[in-house]
Amino acid sequence: MGYATLLTLVRGMSGTEMSEPLLKVDDMSVSFKTDAGDVRAVSNVSFEISPGEVLAVVGESGSGKSVTALALMRLHPKNTETTGQVMFDGMNLLDLPEPQIRSIRGRDIAMIFQDPMTALNPVFSVGEQIVEAIRIHNDVSKADAWAKVVDLLQLVGVPEPKQRAAQYPHEYSGGMRQRAMIAMAICNDPKLLIADEPTTALDVTVQAQVMEVLHDVQEATGSAMMLITHDLGLVAGSADRVQVMYASRLMERGSTDEIFYESRNPYTRALLASIPDLESVKDKLDSIPGNPPSLLNPPSGCAFRPRCSMSVPQCAEAVPELVAFGGNHASRCHLATEIDITTGVNA
Amino acid sequence: MSPDAAADVTAYDSGALDDIRADEPLLKVRDLVKEFPIRAGVFRRQIGQVQAVTGVSFDLYPMETLGIVGESGCGKSTLGRSLLRLLEPTSGTVTFGTEDVTAASKHRLRELRSDLQMVFQDPYASLNPRLPIRDIVGEPMQIHGVPKKEARERVGDLLQRVGLLPEHGNRYPHEFSGGQRQRIGIARSLALRPKVIVLDEPVSALDVSIQAQVLNLLDEIQTEYELSFIFIAHDLSVVRHTSDRVAVMYLGRIVETANRQDLYESPAHPYSQSLLSSVPIADPRRERSRKRILLQGDVPSPANPPSGCRFHTRCPIVQERCKQEQPKLQQIAVGHQVACHFALQPGETLLERTEQLGRGAQVASS
Amino acid sequence: MDEGSDFDVPEASDRSEEAVPLFSVGEVEGFSAEDAAHYASDELEGLSDAPKSFGRLAWTRFRHHRLALLGGIGLVSIVLMFIVGPMLSDYTFDQYDVADRLLGPSRDHWFGTDEIGRDLFVRTAQGGLYSLRIGLIAAVVATIAGTLLGAVAAYFGGWTDGFISQLINLLLIVPALIVLSVFSLYFGGDANRLAMVLAFLLWTRIARVVRGVVLSIKEQEYIMAARASGASHARVIFRHVLPNVIGPVVVEVTLLLGTVIVLESTLSFLGLGVQPPNASLGTLVAEAKGSIDDDPLRVLTPGMFIVLIVLCVNFLGDGLRDALDPRSRNERN
Amino acid sequence: MFAYIVRRLLATVPLLMIALYAVHVGISLTTDPRADFYLCLPRCQDGFDTITEAYNLDVNVWLRPFTWFASLLQGELGESSSIGEPVGEVLRSRGWNTALIAVPAFVISAVFALLLSVYSARHQYSKGDYFFTGLAFFGLAFPSFVLALIIQNVFGVQLENWFGIKPFNTGRKTGTNPLEILRDITLPVMSLSILFISADSRFGRASMLETLNQDYIRTARAKGLPERRVVWKHALRNALIPLVTLWALNFSVLLGGSVVTESIFSWPGLGPAFIRGLFDADIDLILGIVLLTGMFTVFFNLVADIMYGVLDPRIRLD
């Protein structure tokens, strides 16, 4: 444990010195064309990920967190329009020709998806699928790739990796499949791992195992990780930095401690307050009234305004700007500076 | 809040509770077993069975919430459905007040259902898409012969009570969001003034911010309508928030029951402890200082459960005896029962025990 | 119902997201117990004027389906033409005049005349109606039988299901046209009996669809919710199961209608279907096929009417599928 | 595997028997080969008796099929009254002719349907997709006889009228050299192929689209696979699974002889023989053909199920 804390500290310090981000997303917007009109799933999102760091993207369903990840890999559906810039290794991923983005996918940036039951192709063996991921980017023989697969499966904790590699996904349990997905994602030592709700479909005890594996490999390979989740508990234990999304916009970003203890955004604060605590009991949960807005017909001004306990007339007029608070901490709220950060759930 | 909350309770009463005292259990479940046949081949011959629920017993007291937690496949939902005979139990008894629900005739069962209700997990699948909300909420009253006019008024009241408007009765399920649909499901379950509601994962399909609304609503109606809840969930934080007593299930069996405080502060079964330790806490400082127990492997298939203690394949403190002999639920403190040959002492952590056994390294992580 | 459930039914999955549909169109705004009234009054009203029932929603989607609309309009105009056309004509269906034989299209005889001088326009219209009549009767009978048998098989399961499924297999084992030929030659004849023969062969398609739908509806939580409210089996079937079967059945019926019309015309073409003096589009093609090399139009006209009718019916079916199948809701862009 | 095949056959053979029984009884109940003799009866008693004996007409209608089954067990299919040859011989020679157009039609339609499905699914809602989908709709609406008549007229007759060339024959000539045969089979194969391509490509498109929407396709793309490989390796193998059943059905239907197309092109295959048999109440020939087509259906369904197991490791045949 001490080791991990140390690591976090080291990273936290080096984070300020590091000048060159691995991935820099600038003003990215994603919209879908539907029968009922355009739907903006991501609006003007900007963020960076530095080498080796874990960035958590948190939000409820429909907040645009998964779309963000798919869009920067250009894996979104066809009826989508993406604007903005995603700089990676000096290239803008959004206007890279198809063959080049393909050579980045799976080699420099790898993804882990939510549902391990459906994310593996049922008609090929697990080994074949990982071998394919290796050989598409590396000129190695089948035998060598296969040997590497066995090592990888061992690394992610699949017992009897040699036999298991030849088995098909349906012969794996849910947790084992997610381990196999992780093995596939790290097989080319990617610089960035995108994990999209990697444990949502799993049971609690299995979820803990998989998160552990994910951490170990992320630390072992030194990859940066973008962890997309709706579970604030998962974030607390594993992220260096957090950004909170709501109704397609980035609401707040900052170090994990800043988000959990010094949040300057009413949405983040309300979200934290609404989680039932495992270690203590409250009489009544602080719920957020209302429902997330329809993206098709978003409210004017700040999207959280109809549900916000602090809203003022100004909120209906303009979408607030991101207000910076030193370091990386920034909040999208007209009242950001007025929020008393000494009170709150965890403070 | 609701003006008629207490006024006409008797109108829909099944009468099964007439002779019991307030401190007696409402619902007594004894040795409940539910098996599903496994069939195969052209002629669908039965080639085996899955014991989804194996010999479960518990009591539910008036106005109490009993939480039932466990991972997928542990039989908690099957248990909930068997209690109301939505699935016919294979054996065992469920006694409601003075009446054996498992022995009731079809006709009598229908009457009893006015007292025993259920709220389902999936807010999308549990409302008939072809019916307006008015009919969905009103259907129980229609079935139990409540006069039309009265039923219509009560539907309006119920909708209002769960945070919707009476006018919404004209609308159809697809016009509502997940949280609103779950409110509609709750309104339906309240229509007949039940005494007991089985809540089957009522918030697990909802977003965090909506979850809290629904949990608060449930809390309010429990007091207001004097309800007893059986709260089935996999989320331990939610169960801690809602339940007075908690039963932990693993592969069809109850492995530990205790009141909320005992279970969460001194869990005695190694499974309960590891389950609790697996749950992430939304507090970075606490999370960093926490030591976590990692269980090996997945939950085994209920079609082929391990011998002896069903947890022995994953238990970090397993002994030879656990593989042979199935532990029985034993009282270790008042109201605290555990089914383990080597139950943890109050204050003792699983990690300490594993270290004592020299197995600490394999299970702990930070 | 409960006794039949095997072990794939019960355990709830532990999903915990996906609460609000990402792009729900008629989304209602939020409410909390405290300020429902305030919210509803200003937020709800602007979004949708009237409650949208499933049928209404389907109708809206159907209206936006251009092909389906085209199919519907096409079908109606063809039928109207078949009914009204002969009334405007001076000739009747079997009135012949050998002096006027084998005339080309003219103002008098819009589609020309046949070998014994009968007016081909009137014959095409009557034959078309006859074809449609057989198709409709066969489709309706097959639908009723198929729905009943499919629903019974799925609802009761066990041996009933096994028996009906084997019956379906039996009818699949020998190619349809072969069996149909045998039966229609010996049992066919007039429109009704031919329709019965066709229905006897085609009910399996409906039955298979209905069986599948009922099997999946049976497992829906709202069925369990209804039973938890104390609903009887009859109530569950009529209020919760059947209304949800109607959609897929309607779609299947339109597609079936197309198949029936093609099959009937094929049989009639082979001389196994409609017998003289009656005529259907198929027999008209058969009558004219000998002179196809000199006068292709006489074959093409009735032939193209079959194609047009089936095309319209299929467009209609496709539109209905999109309108009634909730899964296809967001598929089109 | 072997046990599986045996079990499958055991389950389907009775069904085939029931079908044959029904056809036999159906024909017997409604026809009487002695029809012509009734008018002249006392005079032609001899002929009447001969036919009665030949067709076992003094046996009860419901029991008559069993005599047929009994002779089937000895490998006897009887004699075709309408053609005047043993049924076995008719099935063999006519079956060969049918296969001559059925096999090419099957191969062509399978390949084209597959290509079109992949194209349409990959370019959903593109102009090309609309074009091919529209074409398939159109093709589906054509009864086979209308299509065959048009093709025969345009390619077999009008080409000659317009350009003075006659590249294709409109029926089976007796030539045995490959070029001759090619000229013979082109038009019937074309008619059959168009029908099957229309039906299969719509089905294939739907299957392909469904597969392309699966999560594992996204995984394959996220690995960095080229789209070609995603489609042809990861999607196709899954999408093929439902198509295999369809193809099995198609192939057995084609091999059983297409009644309409063969008749129109005067093709001496099983189809026209069947029609003639029907009108002449040639019960042995009809039963022979029903038996043959039924066996094809059973056989190719079995093949499809085995292919299932090969394509999809989740399905185990035991």
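By letter and in written order, the chains are A, B, C and D; residue numbering begins at 1 in each of them.
The rule is simple: contacts are C-beta pairs under 8 Å (C-beta built on N, C-alpha and C of every residue); 3 or more make two chains touch, one makes a residue touch a chain.
As the structure is a computational prediction, the values presented were derived from the model and not from experiment.
A count of contacting C-beta pairs for A-B and for A-D identifies A-B as the more extensively joined pair. Using the mean of the Cα atoms as each chain's centre, the chain most removed from chain B is D. Chain A and chain C, compared by their mean Cα positions, are separated by 47 Å. For the pair chain A and chain B, the distance between C-alpha centroids works out to 32 Å.
If each chain is reduced to the centroid of its CA atoms, chain A and chain D end up 54 Å from each other. One finds 45 Å separating the Cα centroids of chain B and chain C. Within chain B, contacts with two or more other chains are made by residues 71-72, 177, 179-180, 207, 210, 213, 234. Chain contacts: chain C has residues 14-21, 24, 27, 30-32, 332-333 touching two or more partner chains.
Across the interface of their complex, chain D is touched by residues 166, 169-170, 172-175, 177-179, 181-183, 185-187, 258, 262, 265-266, 269-272, 282, 285, 289, 292-293, 296, 299-300, 303-304, 306-308, 310-311, 314-315, 332-333 of chain C.
Across the complex, chain B meets chain A through its residues 71-72, 177, 179-180, 207-213, 215-216, 219, 234, 236-238, 240-241, 260, 264, 274-292, 294-299, 314, 365-366. On chain D, the positions that touch chain A within their shared complex are 124, 214-216, 218-227, 229, 234, 237-238, 311-314. Residues 2-3, 5-7, 9-21, 24, 26-28, 30-33, 36-37, 40, 44, 48, 51-54, 57, 158, 162, 220-222, 224-232, 235, 239-240, 243-244, 326 of chain C are the ones touching chain B in the complex.
Contact residues of chain A toward chain D in the complex are 73, 75, 78, 98-99, 102-107, 110-111, 113, 115, 118-125, 132-133, 136-137, 168, 170, 181, 184.
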